[in-house]
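Chain lettering (A, B, C and D) follows the sequence in which the chains are written, and residue indices restart at 1 in each chain.
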Amino acid sequence: MPEIVFGVDQSRPFREQKTLGHNRWHPDVPPVTVVKPGAEFRIECREWFDGTIGDNDSADDVRDADLTMVHQLSGPIGVEGARPGDLLIVDILDVGACPQDDTFAVTGPVAGQGWGYTGLFARENGGGFLTDHFPGAYKAVWDFHGQRATSRHVPGVELTGMIHPGLMGTAPSARLLAEWNAREGALRATDPNRVPPLSLPPEPIAAVLGSMDAARAAEAAREAARTAPPRENGGNQDIKNLTAGSRIFYPVFVDGAKLSVGDLHFCQGDGEITFCGAIEMGGFIDLRVDVIKGGMETYGVTTNPIFMPGRSAPQYGEYLTFTGFSVTEDGEQRYLDSTLAYRRACLNAITYLTKFGYTPEQAYLILGAAPIEGRFSGVVDIPNACATLYLPTEIFDVDIRPSAAGPVRVDRGQCATTSD
Amino acid sequence: MPEIVFGVDQSRPFREQKTLGHNRWHPDVPPVTVVKPGAEFRIECREWFDGTIGDNDSADDVRDADLTMVHQLSGPIGVEGARPGDLLIVDILDVGACPQDDTFAVTGPVAGQGWGYTGLFARENGGGFLTDHFPGAYKAVWDFHGQRATSRHVPGVELTGMIHPGLMGTAPSARLLAEWNAREGALRATDPNRVPPLSLPPEPIAAVLGSMDAARAAEAAREAARTAPPRENGGNQDIKNLTAGSRIFYPVFVDGAKLSVGDLHFCQGDGEITFCGAIEMGGFIDLRVDVIKGGMETYGVTTNPIFMPGRSAPQYGEYLTFTGFSVTEDGEQRYLDSTLAYRRACLNAITYLTKFGYTPEQAYLILGAAPIEGRFSGVVDIPNACATLYLPTEIFDVDIRPSAAGPVRVDRGQCATTSD
Amino acid sequence: MPEIVFGVDQSRPFREQKTLGHNRWHPDVPPVTVVKPGAEFRIECREWFDGTIGDNDSADDVRDADLTMVHQLSGPIGVEGARPGDLLIVDILDVGACPQDDTFAVTGPVAGQGWGYTGLFARENGGGFLTDHFPGAYKAVWDFHGQRATSRHVPGVELTGMIHPGLMGTAPSARLLAEWNAREGALRATDPNRVPPLSLPPEPIAAVLGSMDAARAAEAAREAARTAPPRENGGNQDIKNLTAGSRIFYPVFVDGAKLSVGDLHFCQGDGEITFCGAIEMGGFIDLRVDVIKGGMETYGVTTNPIFMPGRSAPQYGEYLTFTGFSVTEDGEQRYLDSTLAYRRACLNAITYLTKFGYTPEQAYLILGAAPIEGRFSGVVDIPNACATLYLPTEIFDVDIRPSAAGPVRVDRGQCATTSD
Amino acid sequence: MPEIVFGVDQSRPFREQKTLGHNRWHPDVPPVTVVKPGAEFRIECREWFDGTIGDNDSADDVRDADLTMVHQLSGPIGVEGARPGDLLIVDILDVGACPQDDTFAVTGPVAGQGWGYTGLFARENGGGFLTDHFPGAYKAVWDFHGQRATSRHVPGVELTGMIHPGLMGTAPSARLLAEWNAREGALRATDPNRVPPLSLPPEPIAAVLGSMDAARAAEAAREAARTAPPRENGGNQDIKNLTAGSRIFYPVFVDGAKLSVGDLHFCQGDGEITFCGAIEMGGFIDLRVDVIKGGMETYGVTTNPIFMPGRSAPQYGEYLTFTGFSVTEDGEQRYLDSTLAYRRACLNAITYLTKFGYTPEQAYLILGAAPIEGRFSGVVDIPNACATLYLPTEIFDVDIRPSAAGPVRVDRGQCATTSD
C-alpha cells in the first residue's frame, strides 16, 4: 500500500481538513507535496458535494445542492522535474470507495462509506442532459456490495462497478487560464440569462484554493476556473473507462505539473447524462507518476490528454442497443448534431425501460449510473448524425430483450423525489 | 446456405441487373419477393459506387464519383403479414465479401472481389468529417486476406475485419417520407448554397426505383428520399457493430415491411469519418426475418430501430485513446457540441500518428477504416462535451504507445492521390 | 479470394477426387503443389468421414462408421525452402463450411453443405471420453444459420460457431515416424485386446497416400501413422481456439514441410469429448505460409507446435462452471489424474443438464459441440487434480442458472439413436 | 463495507489470534459465528504459511517451510437454516490484500501487506508439478502496485491481479470425512514411502481446530482431513477464476454449512503449477451467503460445487500458446494422460522463455503466478491427450512472439535461491 500524500478525514468538511485541497483551477495553488518521478502514492478524496447528499429517501438535498462548492479536489501534487511541454504519465494503480474504518462501522453518513448516489439536478440548479424532459430533482442511493451495487430506488438492477475518477488533471498556466476565461465568457455572453447557463463564470463564493494565502486567494478566486468542464488539462472528463490499470498522459503547463484529482465514481454510463450522474462517492486513488520530457511536442499531445484504459473493466456479454439521430423531439432537422442524436438515443432507451415498469426518472437514473456505452456511429451522413447507446442486459433481474411475449412489467416503485 | 432471393452479377452495373434494386427510399418500390416470417435467405449486394472505384493507385475515381447514384440497395424484400406498427426482427446470420467465383479468379475488378477501398471525398463532392482540413480526394485500397485486410496505401496496418452492412432498413410510409422531405428541406433552406450542402434533396437523375413502372417512377423519383442519412427506418446508420450474429428490430411503416440492404463494409471506425470511410465492398448478407405484432407500441420503439450486437466482433486488448472537447480549432468555445468534440479527438489522433511517419491523409484513412471506438464520454459538463476515440494499438506493426524513447518513425509513403 | 491449391468435389468420395489427399502420415507422400513463402491459398476439405454420415434421424451411420478411413486430409502442400529445423508459420486467414454452389442449392447431402453433425461412437467402434457411461452410438445433426447452429436433436440450444480445423500438421520425418510407431506400439502391447484399443496400429486397409505410386504406397501403408492422435507435427490437436486469425508455428521435419489439413469443425468444446465430438463438416480453409529459418532451435520449439489464437472467437458473458477431481465414479482415489478430473466435471455437467429436460445423451452431445472451456485448475494439490468445465449459459433458450425456484424442465425429445 | 465476522491481527501468528481458525477439515469444528441467509460479511485471512515466508532474497524459508501448518483457514461461519442436502450460495463481493493500516505503513512483514510471494517447493518438502525437473527450492517476491504486481526476482513482467481465494469450502460430514480418509489412505498404501507422498495422512502435529475443546481436538486431529486437496466440499480448488463477482454453489453436508476460507492469491496460473504457485498473500474477502433448500438433489450438484465466475477478470488481447501431449520427456507413450500433456506444455513454455533470458526457475515461477490459461484441448484422440497453455504476451516488457528476427535476449538475473 502506497504512502498517503493527501489524507481526508471523511467526518469533516472539505474546508476543515488538515490538508486543504481546492475547488477551482489556478496555476498558483501551492502543491501539498512534491513527489519524484516513479513515485507511487495514495490520495484520499471527498465526494464531489462534500457529504451534503444523504443516504435517505428524499431528493431535497439534490434539489438544494450548492454548485458553487464543487468539485472538491485533492491536490495538487507536484512532480519533481516536470516542466511545461512535458507529458505527465499517471498510472491509476487502484481506486476505490472509502476503506473500512477502525471501528468496523458497516457504513457511514458520507457517500463513499458503503454507498453512493446518483442525482438528477433540477433545471434551475444545473439541470442535466435531458433537463427539458426532467426539470425536477431526483435521486437514487446505491448500496455497495464489494464490487457490485444495488439501489432501493431502482430495484431489479445490479451493477458491477467500473470505478474511476471523474476528474483528474494538471494545473493550467496563467495563459491557458486566461484563454479559458476568454472563450467561455464569450460563449456565455451570447445568452447571458440562460437557465441553465451556457458556462459558469469564476465564482469567489465558496472558492477554496488550498494553502494559498488569504489575500492572494481572494484575488485568484476572481479568475480561477470552475471545475465543471473538461479542458486541455484533462479535468472533469467523466470518462468511465479510466479504471484501475489505466495510464494517462497529461500535458504539463506549469512547473511541477500540479496534479489534482477528485469526483470519484463507483460507476457511470457514457455521457454521465444525469450530470450528477455517476454513482458519486468519496474514496481513495493510488497513483504512480512519471515524466516524458518534451513529450507534448514529440507526440503532438498538446490540446488534450491521451490515455490507455485498464484491463479489468467489467465484461458484459449482451447489450440492447438504442439509436438516435439529429432530429429534435419536435421533428426539427439539425445538421450532424451528435449531442442531439445521443439525446434521442437516451430518450428512446428511457421509453423502452418504462415498458418494464420503471418510471422515466428511474430509467434516466439507470442510464446515468450503469456502464452503458455511448458511441458515435455515423457523423457524416448528412444531415443526420447517428448515435448508439448500448445497455448491458445482464444488469436487470428480468429479461429485457424484445420478444413476441411482450415485456415483463414489474412494479418498481419510484426513486427518491423532492418534498414539494 | 440459404436461398438467394436477390442475386447480383458483379460484372454488370446496378441498373443492368436481372433483378433491379433501388437507390432511393419510397413506399411504392415493389418488393422483389415476399418471404414468410422465419425465412432465412441470402441477398447479394453491389458496392455503394457500383464498381466505379478501382483497385489502382489514383484517387481520380473518388474525386469524380457521382453521388447521385448512391446507394445501390438490394431489395426490397416483403415479409408476409408484417403491418405498420409491427417490429421486424432481422437476424444477420452472416455477411461477407463476394464469394469466390467458379473460375477461381483470385480477385476481380469490383470492390468486394478480394479487395475494398476507403475514400476521402473532396469538399466539392460531398466532403467528409474533416473536410475543412482535408479538402482534396484520397484513397486507400485494402487487400483482403480472409478475415484480415492490409493496404499498400497505408503500410504497417493489419486489421481484423468487422464486416457489417452500412445500410439496412424498412420502407417509409408516404407520410413519413413527406416528413423527411419537409424537415430536411427546411434545414437546407437555411443555407441553400452551402458546400457541402446541409442535406440532399430528392434527385431524379440516376434514380432507380426497382421494378416500378416508368411513369410512376418518374413521378416518385421527384419525392423519393436520398439514402445518405439514417432515419426512422434505420437506413444508412453506419453502425460498425452490426456484425454477423446481430439481431435488429426495425419499425414497420408499410405493409410487408419492405426490407432493403446495401453498402457493405469490411470494416469501419465509429463515425465512418471519411464519409466514404469504411472499407467499401460488394458481397452478400444472409438474413432471417420475423415479426413482433404490434411491437412498436408494445416496446415503445417508434422513432428508431433497436438492436443487439453479435458475439464475434474482433477483440483487441489494448487501446490508445484520444480525447477532444467542444472548442474549435480556432479556440472558439461551443456549447456541449459532441460532434465538434469528436472532431477534435480525431484531429488529435491524426496529429499523433504523423509522428510515426504517416501522412495526415493516411492517418485519416486509418481512422475511417480501422475498428476505432468513438464514445460520448461527457455530455453535461458545461460548456464542454468530451469525446473519446479508442485506437487499437495491435493493428500497427510498430509500438505506437508513448514512451520516453520517442516514436518509431517509419517512412510510410502516401495513399492514392489525385492526378491534379 | 486466394487461389485454390487443393480443390474438392463434394459430390465424389475422397479417393475418387481429381487431386488425391491422404489419410495416413508418411514422409514420402508427394506434395500436391509447392508454394513460396508468403503465399496465400485456399484448401478445400472433405468432412472426416467422407460423407458417410447423413442428415437424418438415425445414428446407424455413426454406429457403423469405418474408422479405417479417417481422416481425409487435403495436402500435403510443399513450401519452397522449408528445411528440417525451420518453423513453418501458418496463418489461418479464413475457414468455413462448403461455400454455396452454382445451383444455389440450399443444402447438400454432405456434412458441410449447410449442416454438420456430432456423434457419440459406440464403445466397440472407438468409443469416446465417457464410453463407460455411454456405450452406444448417438448423433445430433446441426443446421447452420450463417455463423450460428441449431439442432433438432438438441432443441433449445443455439451456438455461435467457432470454426477451426481439427487437424493440421507437417509431415513427420522417417525417424520421427519410427518413433511414433515404436512408442505407440509399446503402449498397445501392454493390453493388446483392450476395447477400445490403447492406440491404433498402422492399417493398410483403406489407406490413401496421395499420388504415391502403388507399389511404394503398399509398402508405406504398413508403417504410415494413423491420424487420430496429435503428435510432434501438430496433427489432430482438436484445439477449438484455432479460429480464423490464428497463427501457428509448426516444426518442420522434412524438406518442404509438407503441410496437410482436414477435419474441419463448425464448433467444439474443449476436449472434443464425444470423440466425433465437434460439429463435423467439410469446407475450406485459407492459409498463408512463411518460414523462420532454424526456428526450432532458436525458439526451442521442437516437440510441439505453438500458436497465437485469433481475435474473433465468440464472446460469452456468463458461464456456469462445473468442477471435478480425481476420484473415480466408484470412489477410488487417483493421483493427480486430470483426465479423470475432467471426466468427473463432464459427468457433473451432464447430470445437471438432465434436470432441465435433456437426456444424458443430449447433454453429452451439447458438451462435445458447444464452445465449453475445459481448464486445468489445480494439478498439484495431492492427491486431487481439479478440473473445471465452463458452460456458456447464453446458448440455452431457458435460464439454466441455479435458483431457489428450481430448474425449468422442458421436454427436449431425444437425439438420433440407432435402430437396434 | 460489511461487518467483519472473522478478524485477523496480521502481527500475530494464526494460533495466537483472538478468534481461532482451523487448518484441518472436521465436521465438529465449532462455528465462530452464525449468520442469516442474505447476510454480507467480511472475513480476514492469514497467508497460507502464516507469515513465515519473508520479503527477502533467500529461498531458505521456502525450503524449510513446515507443511503441517497449512492451510490457515478463517471460519467456519455457520449459516442459519442450512441443512445437509441444501446448496449454499456464496457470492464473492470483494477480495483483496491486507488493507492499509492505521499507521499508513507502506508495507509490512507479512505477505499480503503490500507484497506476496511465489515459491517452488523442494522435492523433499512437497515438490511441485515439475519437481523432477526442479528439485530445489526457489522464490519470487512480488510487489503490489494497486491491481498490478511486479517482482525483482522476475524482472520484465507486470501482471494485472486476478485476486481470488485458493481455498473455500463447507465442512464435511463425519461420513464424508471417513470416505476421504479411506480412499486417500488406500492410495497412499500403494506406495507408502514415495517422496513426495501420494497423499497426506491426518496429522495431529500443528493441527488447529478452532475453539474445539482440547480433549476433543486431540481426538479429532487424528482423523481430521488435511486441507491440500480439493474435495466434495470445494476446499483447495485453486481456481483462478473465482474472482470478485463470482457466485459459488457449495453442497452442504452438515447443519449450518460451516463455511471456511483462506489461501488468498493475488494471481495464479491455471494449475498453480509451482504448488506454492500463486502469488500468496493474506488479506480479506467479503461474502454474501444464501441457501437453496434441497438444492443438491434438485440440481444434481452432489459431488462438487459449481460456480459462475465474475465479470472483472483481466482481459488480455493476445496469447502465445504452447501445446503438449501425453508422451513423457523420455519418449514413453501414455494413454490419454492430460496431466502429463499439461506438464509437457509447461516444459515447452519454460524452454521457450529461457530463449529470452529467463532462467528455467524464473520461467517456472512466471507460469505459476501469471494468469495463464491451461486447457484440455483433446482428451479422446488415442493415445495422446492434448493440453494447451495460453501465456498472455502483454505481461512482458519485450515482444515474446516468434519472428524471423529471433528472440530479444535480456539478462534477467535470477530468482531467490537457497543458501546451500
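Heads up, the rule we're going with is that a residue touches a chain if its C-beta (ideal position, glycine included) is under 8 Å from a C-beta of that chain, and two chains touch if they have at least 3 such contacts.
Owing to the predicted nature of the structure, the values given are computational and were not obtained by experimental measurement.
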Next item on the list: Check every other chain and keep only those touching both chain A and chain D; list them.
Entry: B, C
Check: B-D or C-D: which has the larger count of contacting C-beta pairs?
Finding: C-D
Next item on the list: Report, in whole Å, the distance between the mean C-alpha point of chain C and the mean C-alpha point of chain D.
Entry: 33
Checklist line | Where chain B and chain D are represented by their mean Cα positions, the distance between them in whole Å | finding: 50
Notebook entry, point to check: Which residues does chain C have that touch at least 2 chains other than itself?
Noted result: 311, 315-318
Margin query: Can you tell me which positions in chain C touch chain D when the two form their complex?
Written below: 87, 89, 128-129, 179, 183-184, 186-187, 196-200, 228-231, 236-241, 249, 270-275, 277, 292-293, 295, 298-301, 303-309, 311, 317-325, 327, 331-339, 342, 344-345, 348, 351-352, 354-355, 373-388, 390, 393, 401-404, 406-407
Checklist line | Touching residues (chain side chain C, partner chain B) in the complex | finding: 1-4, 7, 40, 42, 91-95, 97, 99-100, 102, 104-107, 113-114, 144-148, 160, 244-245, 286, 288, 310-316
Checklist line | Contact footprint of chain C on chain A as seen in their complex | finding: 315-318, 394
